[in-house]
Each structure stands twice: as C-alpha cells, then as structure tokens.
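Look for chain A in each of the two complexes below; its partner is chain B in the first and chain C in the second.
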Partner chain A sequence: MRLSEQKGRESMDKEKLTRRIKRISRISLIAMVVYGALNICGMFSGLEVRKDYTLHVDHHNIQITDIVYLAAFLAIVFSVVAGFITAFMLLNELGRRRTPFTLKISNLLRNLGAYMIITEIGKIICIFIAAREIRVDLFWFAGLVLYAFSLVFRYGKDLQKLSDETL
Partner chain B sequence: MENEKLNSKIKNISRISVAGLIAYIVIAAYAMFPDAKQGFIDGRNAYENGEELMNNPAVWKILLAFPCAIAMITALVITIVAGLQLLFGMSRGASPFTEKVSKAIKNMGVSLIVFELTRALFVYISDESVEIGMLWLAGLVLYAFSLVFRYGTVLQKESDETL
Partner chain C sequence: MIKSTVEEKIKESSIAIMVISVIASLLTGAAGIYGIFVDIGTATDTLSKKMLLKNYVSDLIAAVILIIAAVIFFRIFKSGRPFTRGNIRAVRVIAFLFLLNAVIPSVIVGTALGFVGTSIIGAGSLFNAMLFFFFAEIMRYGNLLQTESDETL
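Let's turn to the complex of A and B:
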C-alpha cells in the first residue's frame, strides 16, 4: 500500500516537473526570438563599434593569414547561425516532448556545445590575426559543459526507458 | 555497462572543465591585478590632489549604484561557486542525477539572472543607456535544466529501487 502510494507520488512529481520544464522552455523560446529580433534591429541602427578587430585585406596581395582569417570568420558566422537554430530547436523539443530525455535532445545539446567551441576558437584566431592579442572568453567552457550535459541526457534516456518498461 | 561508460565520460569531461575553469579564473585574476593596482593608485593620487572623481552624481544614483555593485559581485561569486559545485558533483557521484547537482544548477541559473538584471541597472545608472546581454536567458535555460535534473533524480531513484 505504502509502495503504491510512493509510486503515485513519484509519477505526480514527474508530471509536475515535466509541465514546469515545458513552461520555462516555452518562455525561453519566446525570449530568444524577441532577443534575436532586437539584435537584428540593433544591427541596422548604426551602433558604435567599441574596438576594431576587422582585417583590412589588400586584394592584390592576399596572404595565408588572410585566408585563415576568412576561414575563421566564416566558421564563426556558420556556428553562430547554426547555434541559434540548434538552441531554438532544443527549446522547442524540450517544450513539446513527454520527457526531456530523448536521443534528439541529447544530440542537439552536443551540437550546441560543439558550435560554441568552434565560435570561441574562430574568435581567438580572428582577434589574434587582426590585433595580435589573445582574448579567451568563457564560450569554450559553456561548450564543454553542454557536451557533459548531452552525455547526462543520454544517461537519462536509458533511465527513462527502464522506468517506462517497469510501469 | 553503457551507463557506466557514459558516467566515466561525464566524470572525465567534468574534471577537464573544472581544471579549465580554475586555470581561467587564475589567469584572469593575474591579468587583472596590474590594472586594478594602477587604478587604485591613480584614484588615491587623484583624491590626495583634491581632484573630483565624478561630476557631482545625483544622490539617488549613488544610493542605487552601491547595492547594485554589491548584488552584482555576490551573484558573480555565487555563479562561480555553484558552477564549481556542479562540476565537482558531476565528476564524483555514482550518478549525475542528485539533489546537490540540481540545486547547484538552479543557484547558477538564478544568480545569472540576478547578475544580468543588476548589471543592466548599473549600466543605466552610470551611462544612462540600456544594455541587456544574453545571460538572463542562459539563466532561464539553466533553471529549466535544473528541473530536468530533478526529473532525472526521480528516475534514478525509481531505477535504484527496481534493481
């Protein structure tokens, strides 16, 4: 009797938590869209750039550093765009699924972590070539933590499977 | 077997992250030290020479800026401590789903939101401009993750009771 009561309470807990996860994911998703839209608007309003890290390339004399700079810059653009899309998909998935522990969510987290690390590496290369200084932010760390989280989600997927089989 | 492998991978990555974060904090503190020292010396010299540091700021600005700065520093310290707690928790336990890890993620999320809000207020007071970063969103997502970890804790408990 007591065991069944406990099981009932646990499943109630899970339902409550799932509802809250979904709600917060939806809020985050809306906030992300609003933030992205505001940033895009800000991009065209001619805001002041604080420090110039752009490389002025001489078209007649392209060097290997210019090619590396361009490749790093393209990698940043690609990973930022892909990162935003992945984050959007991740929050959407979290807001929709019955359980947060699915292979798709785990893969999305892993990809998001990888994009963050690529952005950081690309940024370091660009700044180093353009300004000869090394500036490291915490994006690599966030990427690594997200990768760890993706593994945790894979672990959780197995637990979820076990729980579903038991019930 | 699969879960054991995953667990050892999680632990390894968490350990690397802890080492990286500590190295990052130490290097950042070391790099900041000369500037902070110079700033202190400049400020002290300016004060002794009778120079005014600010152009008569309004009283409400001073009254608001001080608690804002304190809240910002506190939130930052809590974020770093909670981050380290999270990584240590994940690199040690038998399972990543524990109450401790879930609480550390929640604290990190909430303190990031507080940090961003107080930073925005501080920037508004000092520069009279509104500047909002993305940290509050990261905080919100972390809060969602803390709930996911709590969900995982329930599953882990169920699994332990079944086996």
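Let's turn to the complex of A and C:
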C-alpha cells in the first residue's frame, strides 16, 4: 500500500517536473530569439572599444593565409547559424516531448557542442592571422561540457526506458 | 548503446573535462588576482580602473564557476551517476553565480559612468544563468528516474 502511494507520488512529481521543463523551454525559446535579435541590432555591444580583427586582402596577391582566414571566417558563420538553428530545434523539442531524455535531444546537444568548438577554433585562427594574437575564450569549454551533457542525456534515455518498462 | 558503455563514456569524458576545468580555473583565477592587485594600479583614470576591475571580477567569478564544474565532473567520474542531489545543487550554484556575473560587473561600471545609459544586466550571463537553472530542473527529473531505477533493481 505504502509502496503504491510512493509510486503515485513519484509519478506526480515527474509530471509536475515535465510540465515545468516544457514551460521553461518555451520561455527559453522566446528569450533566445529576443537575445539573438538584440545582438543583431547591437543593443548589447558593451562599452569597451572593440578591436578590429578584419584582414585586408590584396586581390592581386592572394596568399595562403588569406585563404585560411576566409575558410575560418566561413566556418564561424556556418557554425553560428547552424548553432542557432540547433539550439532552436533543441528547445522546441524539449517543449514538445514527454521527456527530456531522448536520442534526438542528446544528438542535438552533441551537435550544438561541436558547433561551439568550431566557432572558437575559427575565431582563434582569424584573430591569429589578422593580429598575430592568440585569444582563447571559454566557448570551446562550453562545447565540451555540452558534449558531456549529451552523454548524460543518453544515460537519462536508458533510465527513462527502464521507467517506462516498469510502469 | 548499452547502459554500461554509456556510463564508461560519461566517466571518460568527465575526467577529461574535470582536468580541463581545473587548469582553466587556475589560469582564469590567476589572471583575475594578478589584474586586481597589479594591473589596476597601472591604470591612470577612474574609468579605466573600473573597466579593468569589471573584467577581473568577471574572471574571478568564472574561476569559481569552473571549480564547481570540476567538482561536478569529478563526482560523475567517481560514481558514474550524473543525477545526484549534490550535482543538482552545484548546477544551481553555477546558475546563481552567472546571475551575479550578470549584475556585479555592470554595477562596477555603473558607479563610474552613472547607471543611466549603461546596461545594468549582462545579457549573456543572464541567458547562461537561465540555461543552468533549466539544466538543474532536467537533472531533478533525471534524479527521479534514477531513484525509480534503483528501487526497481
């Protein structure tokens, strides 16, 4: 009797948490869109004077470093756009699914981590070529953490499967 | 993938990330402390000093966040279980520190420039704080599943 009561309480907690996760993911989705739009408008550009890392290419004498710079720049653009779309899909998926622990969500997290690492590597290459400086931020680290979280979600998926089979 | 294989992979990646977190934390913390005690003294005007202080306070907060991340990943490496109460609490602390990082550096600059016209809250850190609170909720759900699984087996 007590065991069934406890099971009932746990499943109620689970339902409550699922509802809350869905609600937060919807809010995050909206916040992400607003944050992206504000960034595009440059409203949070900050007070510091930003350094210019643009490389001026001589069209008549293109060197190998220019091509590498261009490739790195394109990689940044691709990974930022892809990262934004992936984050959007991730939050949308979290808001729709019964559980946060699915293979699709785990894969989306892994991809998001990979895009973050590509962005950071591209940025390091661009800054190095343009200004001969090495500037490393923690973006690559966030990518690695997301990769680890994707594994945690995969573990969660197994737990979810076990829980579904038990009920 | 079989559960034990996933556990092994989680352990492997956790130890790697833990080591990176510790190294990054030491470097960031050292940069913050050096900046506060040495670099700020070289600045001539108040605005430059406040700007530098803002950056170094952010560095120190980042160092603490990295240390907590290292603790989380160390725990995961040791037990192979990510969804524990301790880890949920630690993720919440990280979220709270991101909130502090969103407010404190802006307040430091605000005292120099005046609060009108400066953005009081750092949007990036605020977004990170929200994400970590979100992760904490997902981990709570995972914790419930873990308890259920332990009771079943």
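What we mean here is this: the second predicted complex is superposed on the first by the 160 of 167 C-alpha atoms of A that agree within 3 Å, B and C clash if a C-alpha of one lies under 4 Å from a C-alpha of the other, contacts with A are read in each partner's own complex, and residues count from 1 in each chain.
Methods note: a contact is a pair of C-beta atoms (placed from the backbone, for glycine too) under 8 Å apart; a residue touches a chain by one contact, two chains touch by 3 or more.
Just so it is clear, the structure is predicted and the values come from calculations on it, not from any experiment.
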Note to self: Which partner chains sit in contact with A:122 here, chain B, chain C, both or neither? Use first/second/both/neither.
What the structure shows: neither
Checklist line | Contacts of A:166 with chain B and chain C, given as first, second, both or neither | finding: both
Next item on the list: Kindly classify A:83 by the partners it touches after superposition: chain B alone (first), chain C alone (second), both, or neither?
Entry: neither
Next item on the list: Have a look at where A:147 lands relative to chain B and chain C in the superposition and call it first, second, both or neither.
Entry: both
Note to self: Please report the chain A residues shared by its interface with chain B and its interface with chain C.
What the structure shows: 10, 13-14, 17-18, 20-21, 24-25, 27-28, 31-32, 35, 99-101, 138, 141, 144-145, 147-149, 151-152, 154-156, 158-160, 162-163, 166
Check: Which residues of chain A touch chain B in the complex?
Finding: 10, 13-14, 17-18, 20-21, 24-25, 27-28, 31-32, 35, 91, 94, 99-101, 136, 138, 140-142, 144-145, 147-149, 151-156, 158-160, 162-163, 166
Check: What residues on chain A touch chain C, complex-wise?
Finding: 10, 13-14, 17-18, 20-21, 24-25, 27-28, 31-32, 35, 38-39, 43-44, 47-48, 99-101, 138, 141, 144-145, 147-149, 151-152, 154-156, 158-160, 162-163, 166
Margin query: So in the complex, the part of chain B that touches chain A is made up of which residues?
Written below: 2-3, 6-7, 9-10, 13-14, 16-17, 20-21, 24, 87, 90, 95-97, 134, 137-138, 140-141, 143-145, 147-152, 154-159, 162
Checklist line | Residues of chain C that touch chain A when the two form their complex | finding: 1, 3, 6-7, 9-10, 13-14, 16-17, 20-21, 24, 51, 62, 66, 69, 73, 76, 82-83, 109, 113, 118-119, 122-124, 127, 130-131, 133-135, 137-138, 140-142, 144-149, 152
